[in-house]
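Each chain carries a letter (A, B, C, D, E and F) given by its place in the written order, and its residues are counted from 1.
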Amino acid sequence: MTQVVPKQGKTTIPGNTLIVPTPEHGRELALQLARHSVQHIQPDQEVLRGGRPHYATDPDSLIEAAQVVATEFATIAAANNYWR
Amino acid sequence: MTQVVPKQGKTTIPGNTLIVPTPEHGRELALQLARHSVQHIQPDQEVLRGGRPHYATDPDSLIEAAQVVATEFATIAAANNYWR
Amino acid sequence: MTQVVPKQGKTTIPGNTLIVPTPEHGRELALQLARHSVQHIQPDQEVLRGGRPHYATDPDSLIEAAQVVATEFATIAAANNYWR
Amino acid sequence: MTQVVPKQGKTTIPGNTLIVPTPEHGRELALQLARHSVQHIQPDQEVLRGGRPHYATDPDSLIEAAQVVATEFATIAAANNYWR
Amino acid sequence: MTQVVPKQGKTTIPGNTLIVPTPEHGRELALQLARHSVQHIQPDQEVLRGGRPHYATDPDSLIEAAQVVATEFATIAAANNYWR
Amino acid sequence: MTQVVPKQGKTTIPGNTLIVPTPEHGRELALQLARHSVQHIQPDQEVLRGGRPHYATDPDSLIEAAQVVATEFATIAAANNYWR
């Protein structure tokens, strides 16, 4: 039974943990996860940079990106028991 | 093992907590989180303001933004045990 | 440590509570939350009304709006322990 | 403290309950909730029927509608403790 | 108090249960649920087949369909306590 | 009562388990699940490869794909009790 294996040398999640001390740390991690997903699907930095000016200025793309951040943050917040 | 670190001086979440006294406070926080995500992805205020008239008047963009708010609110409501 | 503060005089959530007696009340609250999000992002009623004919007749916008209602309802239903 | 009140005479949820005997009943309820949301936002049946041929044949609209059904079903399934 | 009733003869969920033995079975069920939603909204097989070549080749439609599958799978996985 | 049966020979989930040792493994699995969904809906590799250059360079498609990854990761993270 083979298991999934992360690609060597790749660091998607700093410290390889979802546990972070405060909500602000959680927001920063959510932003990083969202960015990493885009990079995994499109690892060519040139192509990625070519597209960035578009999604970073188009309001619709920005809102869609904010939706990804909100979804990642929901997971991180649950992992940290909402820093209660 | 390095951990994620929020950028200095940035305040995304007032008081750095998801715990707020009432559902109305929770809605306000959800709106702020949604706005902050857009600002983190596009920190250039000029570009952001250039785009705003579009997403603030286009009904489709408004509905997508409302979806982000709904997702952030779900997290905040769970954090506060739904103010039961 | 400053906390988030809702704007004075605004009433997004009737009675400032997510606890409602029946699922029908929950659906009505979900619809109101969805509408309020749009109004918070675009408080200018004239612009909003100008756009309404579009999203209220375009089937794609209606379906996206239904998605927001579904997301808000999920939160309200959980808050009420699903009226079990 | 005023509470939210459903519009008189409207029946969104048959029997005003999310508790249904089987997953098949749950799917049917999810479909009805999705349809009702569209009708609440656009109560004019003529306009609604005018748009239907479009979203019912356009594959993208069908997939977006399927997303709403999936979200409503998630809530109903949780309400019924997944019919375990 | 009338309750929701599934249409006779329709079988959306094989065995009328969300409980399946392994994650692979869960993925297959998620795919079937996503497909059935599209068929319920557009039961005309001719129209459906007419549209399929589009959403099955257009990458955006494929990604949206993958989102529906992900959402259905989340429900199925929770129902099965994640096959822990 | 017939139950859902995965297609023979298909391996969507390595090891047929959602339980993985670390968050990095979880991200990798989320990416694989997202990719597999697209492949199940469009199993023709030629058509799929024909479309890839588009969604892999178009920023909007990349963000939508990131949303699928975020949703799959939420399920995997919950399955692993967030690697707490």
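Odds and ends about this structure:
We adopt the following convention: a contact is a pair of C-beta atoms (placed from the backbone, for glycine too) under 8 Å apart; a residue touches a chain by one contact, two chains touch by 3 or more.
Since the structure is predicted, the reported quantities are computational estimates derived from the model, not experimental observations.
Chains that count as touching both chain B and chain C, per the definition above, do not exist in this structure. Superposing the C-alpha atoms of chain A onto chain E requires a rotation of 120 degrees, rounded to the nearest 5.
At the far end from chain C, in terms of centres built from Cα atoms, lies F. Inter-chain spacing, taken between the CA centroids of chain C and chain E, is 27 Å.
Here the CA centre of chain C is 32 Å from the CA centre of chain F.
We define each chain's centre as the mean of its Cα atoms; on that basis chain E and chain F are separated by 16 Å.
Residue positions of chain A touching 2 or more other chains, listed in rising order: 16-17, 60, 64-65, 67, 71, 74, 78. Interchain contacts close the chains into one ring where each touches exactly two others, per the touch definition above.
Residue ranges of chain F in contact with chain A, taken from their complex: 14-17, 20, 22-25, 27-29, 31-32, 56-60, 62-67, 69-71, 73-74, 77-78, 82-84. On the chain E side of its complex with chain D, the touching residues are 1-7, 10-13, 16-19, 33-34, 36-38, 40-42, 47, 50-52, 54-55, 60-61, 64-65, 67-68, 71-72, 74-75, 78-79.
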